[in-house]
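One chain, subunit A, appears in both complexes that follow, with subunit B as partner in the first and subunit C in the second.
Take a look at the complex of A and B:
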């Protein structure tokens, strides 16, 4: 009875959000129809709760309660605050593409002199005037997940990147999501990257809040299509305000002999969820998906990965590390399915959590479903505290308790960070971890 | 002033008393050997001096350079000049030996109010000491003790001793698990560190090690006490007569 009631309330609340936002949502005709379907799906499902198996550990009805109204389009003041935040989180040696409050900010972005190998448009442009095939691809994620459906219904802007066949894009593309304002509001963005055949590119996504931006909501999604023989390196950095919500989804498809190396580091936001569906659809492909959660206070971070091996001769590796202090809660759900045709699949997943306090919590749920008989698959999960004998050895050599812990924690997360192929980005992740450790005092 | 004074030390582990009033005085420049059968409390003594958690001191005191050692954390003791060479040095995957050595050395220097070593000076120093101990450079790049042989682990302990320049070295069963060649290399490293300002306490079950590291004093421990002290000839005596006579004495 309670469930029905809650659902109705959420649905009504979301309808209000949509009604207010309607004239800011790009696209008409077919696009508007698809939005309507997505909205209906979301309203039918309501916010995910603990009785939805995929969301068991991240009950948004308890943690988030409601979807906030759409953030206003950024004015000059908002852009100024965003620019200041950008300065604090600057990454050198990338091509920056900035979304402020969910809207492309050309003045903060470096989208000129792209050359012939990359085409970058905004989601708004593509939904308003793009070709039908690309629009269809943007709506490819189905509406079975309530938060994906909500994102499909509400997406206002985002970045659509196309990398030409055979292009080698040396400069990483960096999409920065900035929340500018103090008023609690929600951003709905969707981006897409299509890497052409035998092309190579690097994509960084980071999420930050300007000074004073607090309990905002990020609702984001990313669609990735990696062509035959192509490679994409991908890094996500969640550095949102510690009161913020970040609900992100990714849908990734790999062609034949393609390679996807992805890494996520989460040390921001109050509640975050990253759910990725990776379809290994072409033979001879490789996937490495790794991540680190660094949580304290009452932070809650959920990483839910679904790796779908549909064809033979592919490999996948997942290395995930969580460090949880105070009353933090880390969730890792990793599901690998090896379909009957996918012989010679080599899939491995290892998730480990380090609990630094008695009240810290980590849930690891690895799942392996194998329907082929000639495969190498394995998974493992551990949860524990720092090893006292290692701590004593370090302290007997002069390191203080905090220093000894920091060194061991760095080594613990290092195993996942080392998997980042791009050296500059690897250094970036290492220094983010060091900053987190330094802030522990 | 004595370097180390252990006075009437009583120590418990989980309700069981392991040391029952142990006393020991060590002056700068001296080498003391502590011998005794398994379970006599030798390693407990080394752990309590280094500050390992899990031991409850119920009586007595330990003074180091006149200061109350028992009030200091393990890292403070290390900075003051106490060094324990572990019987079983731990493996620390993911922490490169070089990083560990630099972090430890600088932490000790910082605690003493000294300036941190510059990287080139540090590297020069490590390379020189490592070469004298036959420690190859690639070992320094690996994780601390990860994949090291027993002999390499012990040499790594001696390397640290040489780098940190402590005033008191406690060698806990340094010979365990070493063949004679490995033992000789490690012992040569230790002997090179003998100095009028530095004292060593060598804990061992067997007399063998004392052929290589020749002590000034030998103490026999049994059932948590020193039951006999003497010169280096006491070790040889034990080699022929065994520990049985002391088990009764205690």
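Take a look at the complex of A and C:
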């Protein structure tokens, strides 16, 4: 495909953004080198557009147009606004770690009495003075994707979590990204969680905007390494401002007999994209990736999953649901690759979209790439409106049109939400869905 | 699957080398100079005695082609094609002027006999009278760049059906050709279609007038014979209001070490209440067991359901070609129109298949159905790539897609790349895909009952592809079934 494009104005603007921010980017020496490589990769590629296959349905040159300047470090006023927002989105029974405008906010976080099993540092610390191996791991994501490269070049802060071998961390860790400012700005964060052998942990990530924060940009990424026999439960909740952009990515690797259960719920932001690369590198591992998009207005949400089965005897399940109202646009791209060695792989993917309005759009691209013969792999995809006969049944029993719809929608997204292993987190997702339905009226 | 050494050896021996149609007919031919330029285009046009508008149309396509680049998105891998190293026109040299069918070069007749084109047709070629009432098929035989014979023309004429080589149609029915040519696959459509528009040499033209049900099956048999030639045929089928036609297409080529290019374009148009059923058994030479030689089959096929209540049905059995790049599509423009795609794609040896369909729902209450069965064996790669899309105005659009892949052996790959786009809430799309190998249990069951391993696989595969085979006209179904068993022979292991 012809992607050799002249450097656009946008590309020049992005260089300016980066030049201005240079002094605030942590790390020197090798880290600075890696940043430079990432920057060059991003500048070569520019913002993704529809001719790039992976971004076919999410043309950032049209939707986002430009990368905003790096947000200023939060002042007292910003932290106050963030604290207010935090109160509204508080989750009980978790250990909170807060990033305000892309910078770690110790006063809002609960990082004391960590115990010996868990170590939490900021990305800034690690990039400035961490060990080289960890720094290299933080730069593991591939620069071939323009937005990942941009994130690598610009990451200013984030949370680096290390869970010791055999540790069972009962209290879920909750990373909250808050945009505080009224001025449009971008934040670039990257976090990492390393779960030691036979350890277990739960990670929740939320994205919220303080009152008055509108058209900001979140550029985030997460690196997950799950050791042999370890387990990570992971939930992402995107409740950003309705004018915000959220461009996130994740790179996940699993050891042997490991287990990764992840769920993403998206009912915020104007344009969001979440791309995850999950590599199953050890035998006997299990992956469950599930997600729900609840969209209305002119929201655009893109979930792109890439599941890489490289070794035998692993299984994966993907269940994805999209409910799209008004002029919303939901995109699901799920790719499963089963490499030649990965015999006895059991991979399933099911994606379903529910269109509630005539102007809503849902695009599904479930892909299978199979190179091993002794496997069972399948995918299914459906798109459609609510079933008239079911609606009629409920109406005949005295429910109003809206009530009947709400009940059916709840059941529809419930199939994905049910897959969340942690009960408290499941409740959280259910209530988020209920709030969305209630707001529908 | 557990490979017994004996079977492995057998695979090696048989593999794809047992292509039945690999012989070559030694015949003198009349060729255009090698390479592609405006002169080549003019040469072909002149050879065909084409009117000026046709030449202009070709030249326009050629000039556009020069500005295009070869598509690279398909999951196929091949060395760069040197478009200047091909002959774009090759026709058997007539030994004398052909006055009647009897005077066709006996070498060619012999070729078709060897290809096993049903003897009944050959009898017709030779002018033998046959009993009334027997099921008949009219054949247009295309040998390299030209059509050598078209049977039953007279009888079809009585019914009002026009069935002739497209080169003849350009001269005899210019108004029809001009009205429809390039309206479904425009000259600017894609790299290979544009190339075809510039240099196409022959192919079939069918026009079925309003209310006529074509009295017999029509078929075209393509044969590439000459070395270093590309075959660029163009088929145009129009079913006017309420008409029906069933069309079959078959293809073979000699066994050669070099790769040959086949870039065809097929356009179908159905008006109100009309129906076209298009069946293909594609058996181009697939290359030898080392992946040497074979045909590059880069084909653009598209049907346009222009009228309300019209229907286009594609059925394909793809067993040949080194590389297949082909997506027979339906544009469902008319309200209540229907598109169907039934496909069996078998790849063995080093074959690469990237095939599928596009169902583009534009009209109200349009329905489509896709059944695709991919079977990969040897070290082949088999990809289904399809698009189902509903436009904003396509209320009540309905699609069902099932694409299943079967893997035989652990060196091959089977891939599914569907694009499902809904822009209308009343559209109802269902898609399912599975990939698996033949179940050990099922094989064990069969073997236990006295079947050999190969017979058991054959049985399972035939069951696997049954849904599609049923869509083929009888004669083709038998042929296709045989082909499938041959293509897979030796793949057990």
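Before moving on, here are some points about what is shown:
Here is the rule we go by: the second predicted complex is superposed on the first by the 434 of 441 C-alpha atoms of A that agree within 3 Å, B and C clash if a C-alpha of one lies under 4 Å from a C-alpha of the other, contacts with A are read in each partner's own complex, and residues count from 1 in each chain.
Definition applied: contacts are C-beta pairs under 8 Å (C-beta built on N, C-alpha and C of every residue); 3 or more make two chains touch, one makes a residue touch a chain.
Bear in mind the structure is a predicted one, so any value in this text is a computation, not a measurement.
In the model built by aligning both structures on subunit A, subunit B fits alongside subunit C without clashing. By the touch criterion stated above, A:370 is placed in contact with subunit C alone, subunit B being left untouched. Counted by residues of subunit A touched, the larger count belongs to C, out of subunit B and subunit C.
When the shared chain is aligned, no partner comes close enough to touch A:92: not subunit B, not subunit C. Look at A:383: by the touch rule set out above, it reaches subunit C but stays clear of subunit B.
By the document's definition of touching, neither partner reaches A:170: not subunit B, not subunit C. In the superposition on chain A, A:359 contacts subunit C only, with no contact to subunit B.
Least inter-chain distance for subunit B and subunit C in the combined superposition, rounded to the nearest angstrom, is 16, based on C-alpha atoms.
Of the residues of subunit A, not a single one touches subunit B in one of the two structures and subunit C in the other.
Against subunit B, the residues of subunit A that register as touching in their complex are 387-390, 392-401, 403-404, 407-408, 410-412, 414-415. Subunit A contributes residues 1-2, 53, 340, 343, 353, 355-385 to its touches with subunit C in the complex.
Touching subunit A in their complex are the following residues of subunit C: 1, 69, 72-73, 392, 405, 407-437.
Every residue of subunit B that touches subunit A in the complex is listed here, in rising order: 50-53, 73-75, 77-79, 83-84, 86, 89-90, 92-95, 99-100, 103-105, 107-108, 111, 143, 160, 164.
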